[in-house]
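Both complexes shown next keep subunit A, but they swap its partner, so subunit B is in the first and subunit C is in the second.
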Partner chain A sequence: MLKNYGNGYYVERDDDRCIRCEVCINQCTYDTHFFDSEDDVIISQDENCINCQRCVSLCPTNAITIRKKVSKYTENFHWKDESILSIKKQAETGGMILTGMGCDKPEFTYWDRILLNASQVTNPSIDPLREPMELLTFLGSKPDNLELEFEENKMSLKTELSPQLRLGIPIMFSALSYGAVSYNVHQALARAASESGTYFNTGEGGLDRRLHKYGKNAIVQVASGRFGVNPDYLDVGAAVEIKIGQGAKPGIGGHLPGEKVGPDISRTRMIPEGTDAISPAPQHDIYSIEDLRQLIYALKEATNYSKPISVKIAAVHNSAAIASGIVRAGADIVALDGVRGSTGAAPKIIRDNVGIPIELAIASVDQRLRDEGIRNKASIVIGGGIRNSGDVLKAIALGADSVYIATSALIAIGCTVCQKCYTGKCPWGIATTDPYISKRINPEIATRRLVNLLKGWSNEIKEIMGGMGINAIESIRGNRLMLRGVGLSDRELSALGIKLAGE
Partner chain B sequence: MQENKIILNNQPLELLNGNLSSLSSKLYEYIKLRKNAIEINAEGMHYRDLNYLIKSISKTPKKIILRNISGQRYIGTKLCENVIMEIYGTPGNDLGSFMDGAEITVNGNVQDGCGNTMNRGCIMIKGSAGDILGYSMRGGKIFVRDDVGYRVGIHMKEYKENRPCIVVGGTTGDFLGEYMAGGILVILGLNLEKEKIHNIKYVGTGMHGGVIYIHGEVTHTGKEVEMKSLDESDKILLKGLVMEYCKYFNIINSNEIIKREFSKLIPVSTRPYGDLYAY
Partner chain C sequence: MNWSNNQYDDDKVIDSCGLFGMMDVNGKRFSGKDPIKAMVNMRERGNGLGAGFAVYGLYPEYQDHYAFHIMYMDNLAKEKTEGLLKNNFRIILDEKIPTKEAKVWNPPILWRYFIEPKSSKYDQTLFDDFIVDKVMRINTETGKAFVFSSGKNMGVFKGVGYPEDIAEFFELKENKGYMWTCHSRFPTNTPGWWGGAHPFNILDWTVVHNGELSSYGINKSYLEMFGYNCTMQTDTEVMAYSFDLLMRRQRLPVDVISNILAPPLWSEIDRMSEKKRKLYTILRQCYGSLLMNGPFAVIVAHHGEMIGLSDRIKLRPFSAGMKGNLLFLSSEEAAIRSICPNLDKTWNPRGGEPVVGRLKEPMIEEIAIKRVMKV
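And now, the complex of A and B:
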């Protein structure tokens, strides 16, 4: 019964190609490969393999292939290997099954059933190579109306504007806490955000002092554990985000295991080395919208009303009503994280079963805020499984002001979405605090790759916008006429507020 | 401008930029200069105006006296060292949140959320405090003469020399020291009846660091804590805090308080939830 069931992969090695260079042995943090000097052969323990593809990528002679095992149990649509293996593991340990990254089940993606529009004949498309295309986005509360003053033929704005975040591209890096990811990753995100004129989110683990110089491009997070929250931290960020929930684990807290709390993490989180960093499920000073308002205004007082305050929630059944409450509580930005939102560690049962798809959440929140006449009071930022610029544009057309990306950003710097972030042994040096493994991320190269990704996406967005005959992202925001659905029921179409393709 | 006439430490008082205040034209009506202090009459004043005024003044360190405070929130937010503040009345929620070194004395009770995520400094309350006192406090001290509400000292944490500390003269509500990750909580139980029982539940649930010293019986604790008797180093620590408490609140029999029996609550493990998961 105690057999190690492994992860369902086996390692195939072409012995003719293998030159015994031992790169695979050195690179694998899961001890899959070992060298048998007697027989001069490298052997792989399949059950340790997590299919991160690190050895495959770095093998100089392409000798390694990792294959998924065909179901080891009798094929059964209902009782898949995943279910059987989980039960066996729990029967042995009595624990909750942990996992990393976002929900991997096929059912919850609407992006693929939504299509974007383009102009043909009746209104010409715009050539983005020739015409200026505007992606500039401002996040924050907008006034109900503008008062202008005219003096000596000069016009000036009388209305005092709320603080805004200025984004060159409507994509930001979502919360990745220092501790969940390594310092090099945090640094790359910070530098890429500052180079690309957008923002990165510190996550709830504080901001290392060495990165304070990128504070102008940082959204600093305040979560239930309040790790690393001190006056400097609030001063240095461009905006403050109160984290209520996370798409991968709505309603539950997080534990950064003590093993990951080394000297640097300890200093930044302001907790002793080696202790668990526990973020309780709720913020125990927030049990209501009124309490939330209290924290929002405490942070506004602490930042002299000079920074937008964001509130991040997981998209759940009553998101629309909750978002309305959040806006009325004084938040300048509402951040929604859908069921596909990623995590460094969460119980699998919660990741895969709790929350709602972000597409439906955007549509319902945007509609609710419009119906109540308070949509201008806050910007909507969404996240949770944004894979490409098409998803970005669809999100914006559904009503988002900007999107958060995290998984895409990590993939850009090496992640292969093997879902083992919670072990702290990330072979790509991303989801780890091990000083040896984290060196695998070169901040220079990672920064470049992130900047490239944003550049590529922004060009694609401009190209699609041009095709629609629209030259400013502002004109797509909440413009659901630009969307059509396929393979969706009437009820789904009306919830999304879009028409059927062909209509 | 009229406000420039207020001179602090030989410099005219400058108001912070970018803040809207309806008060700037009639500052004189609210501010009085005393010999060693600035006095603000906060009667009927909105918290935003009041805090704006305090922030402007605290740029030039001086003692600040607030009179007629009634429920204004966020007083002393992020207030830095070198500021000494005396409050008369009842400050509202979140007194001294994110505070960074100031010293606040309250002549009266305080409401909820006092010392929220406080970093450094000291708050002395000559009365009782409401719920969630010292939430996630990471440094500094809070002394409460009488009782405190629910969820006090939740998630306090310490790092190296930053060791937050709350001393309560009376008794507390439920969930004392929940998720406590560091720091010191002292409950003196001075006003307990003869049976000396604290009517509180869930003390130290999820606690994984720090220590609670308590006089009087506690019957209901979280499963994550164990009760111990004090050793010599505990006694020295406790004595210092009790002396400080007595000094602030003019209590003469400090020795008698120290001699009473205290128990110590500490976490069973620094990793209470380590075995919850299957890897």
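And now, the complex of A and C:
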């Protein structure tokens, strides 16, 4: 029997307030609370609590408070509880420590050390309530120049543009695979994307037939496991994304345990019920850049050159050179996922130690593509820890065309970032396939909340843009003069291509 | 370069300005009296830290030769530069640019040269590239020499002072041209550096500009991909290179260019007919990085053509007027009326709507494509 070291939380219950309604007991999927009918008291087993806040939110009398324990071991800056507990667990099991969501360490965030500009005197700011503010964004390859034809004083276009994605707001929902999240979540993402004029990424688990009607707003993913990839799937999506890597776990594959593979997921992923869905670390037909080119063109052929092809990589040390190769291999979109990128399950050691911050990756990739004169040939989409509209604009000013959000979207529908997605017991009904728990997400309400989030962010983006005196998002894209850094070294500033605040 | 255009090496030079352009579309040359008077009328738009004039049709007797106007900080720079000129060009005539006493600040050595490239194996476009290359070299290499005019049969005169003082200094009242573009500056962060005044010139192209581009960062990065080095950090430079890229290199017509620099709103594009919508959409998709966002009004000129344009939501004043064969473009209508009270027509062009004046009979064969944006 393994020792339960707990997660470092106390559950405090105000007994005067508790009415023994047992909501907490029913809601907790980790069996933290139980009712002792003899003593008429609800007791909580602290060590089971994961601090998901489900019981706290639903308690009708606000009787529950969850508190973080102070270190139970002697305080030590180097040997924190996390390190000590990990070792103890591994000493018992010989296993890897799993976790969910993105890296939670403080060191890798640059957003908070970057500031945006605004207009004063020499150019006027614009009031977005009274004047148009344009966020429309097109993703895909653009030519360097247009060819026009003139006949009898009439002009016509000779250039045909390759397929583009049209985004009403430069924010898309990042890959969340069916299986990692429930059907209801997938449905809400699809509906919200379609309502907001943007796109959701299916993730690597295919797209349930019931959601094919939202295909116009879907980016369908082709990953190393090829789950759910069939002609209909490719046909129904607006774009196809080849997933090479993921920011939370660069270089490693994925594993959906067999117990999560019920009838619907089995059908969608095209694997037998109850079998593990294992995504290999690499795509076994891509061992080099020329192999990637073959897959890009295989997908272009398969879709009759009617859809942009995206290639998603985790941001790693040499992502600038890799991105250049991807563009030259024919991709229309390069998707970069930074070290803070989220996941349903990953070894903690990988999540917290592999990859690079997305801010630096955007800057170096954008600059490299410009230096090579191929920036127009592909769009850059970035993801990995975008928390608010300020992060979105900073990413765009650093050189991204659009951003992917996933954690923010999940938070909008209930997630509290407790990092236990890998257990399949998500008390909020998000990262689970358990039919009983998944019902906790109401697709109608979740859709509304996602649409609201995008609307709120787009209003904020317009407000910031107006303040800068800019009325079209393309004038911010790659406009690093709109950014300044604080608390950064010269090397960091030059890597980001921005100046110090005050300069 | 401690005397560079932007000694503080800010992102870019911030300034505001007064513009004026006047053209006789029949090609009849007129003196500087009127343009100067119009600029005096807009004295408030400058602060004495820079003014300039471009005169087209100025040197008919040397119309086949490139006229270089060069400012030197010292005689050593002059010697060095003249060595470079002699190696690459036949110098037909060189002389001091005639000047007289006026209220101007610290004038440099001002010299002009009428020259032609030595090699005869080039055609016209290669000649132009050759000239551009040499101008860039002089401007960056010696550090104390600056070519501020390099076209044929035209000349730029500029310096630190109010427009009337610069005009007096260069005795412009006596000069004649069929087209004048004029500028006075209100810089907020530049020292009195003569090269920093406008018009900005390369070959026979001149740009006078009033504005503050919030999109400067991306405009600049985009142009850099095509080999343009924005060393002067001015919006005017970005504007000039954009016209060079789109008009000279990509040969796009003015109407298309104005829709790249100051495109209609998406809501307007959505209301267009299908064919038109497709064209306007593709323009924004491909050239989004050249959208000049933020306030600007600009007059771009080259032989035979004068183009006026303001930003898409018209955040800078810009008026036009006509009287007989004369076309006027100005920051202020009052300036036009001060020299021509009885205009046939006067109007305020809408944001993003270009005003184009063309010679009825072009004096020099040119590649500008004379079509309106009919789709």
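Some points to look at:
FYI, the second predicted complex is superposed on the first by the 497 of 503 C-alpha atoms of A that agree within 3 Å, B and C clash if a C-alpha of one lies under 4 Å from a C-alpha of the other, contacts with A are read in each partner's own complex, and residues count from 1 in each chain.
Quick note on the criterion: contacts are C-beta pairs under 8 Å (C-beta built on N, C-alpha and C of every residue); 3 or more make two chains touch, one makes a residue touch a chain.
Only a predicted model underlies this, so the values are computations on that prediction, with no experimental measurement involved.
By the document's definition of touching, of the two partners only subunit C reaches A:S475; subunit B does not. By the touch criterion stated above, A:R13 is placed in contact with neither subunit B nor subunit C.
Looking at the shared chain after the overlay, A:D276 reaches subunit B, while subunit C stays out of its contact range.
In the superposition on chain A, contact is made by A:T93 with subunit B only, not with subunit C. Judged by the touch definition given at the top, the superposed model places A:R440 against neither subunit B nor subunit C.
Using the contact criterion defined above for the overlaid structures, shared-chain residue A:S306 touches subunit B, although it does not reach subunit C. Once chain A of one complex is fitted onto chain A of the other, the partner contacts of A:L148 are limited to subunit C, with no touch recorded for subunit B. Of the two partner chains, subunit B is the only one that A:V229 touches; subunit C does not reach it. The touching residues of subunit B, counted against subunit A in their complex, run 16, 18-20, 48, 51, 55, 73-74, 77-78, 80, 93-94, 97-98, 100, 112-113, 116-117, 119, 132, 135-136, 138, 151, 154-155, 157-159, 162, 175, 178-179, 181-182, 206, 208-209, 270-279. Residues of subunit C that touch subunit A in their complex: 10-12, 14, 16, 188, 211-218, 221-222, 224-226, 250, 252-253, 256, 265-267, 278-279, 282-289, 291, 293-295, 312-313, 315, 369, 371-375. Note for the complex: subunit A touches subunit C at residues 119, 122-124, 126, 131-132, 134, 136, 138, 142-146, 148, 150, 153-157, 159, 161, 164, 370, 373, 375-376, 468-472, 474-482, 499, 503.
The part of subunit A that touches subunit B in the complex is made up of residues 89-90, 92-98, 160, 224-226, 229-231, 234, 255, 257-258, 266-267, 270-272, 274-276, 278, 280, 284-285, 294-295, 297-298, 301-302, 304-306, 347, 422-423.
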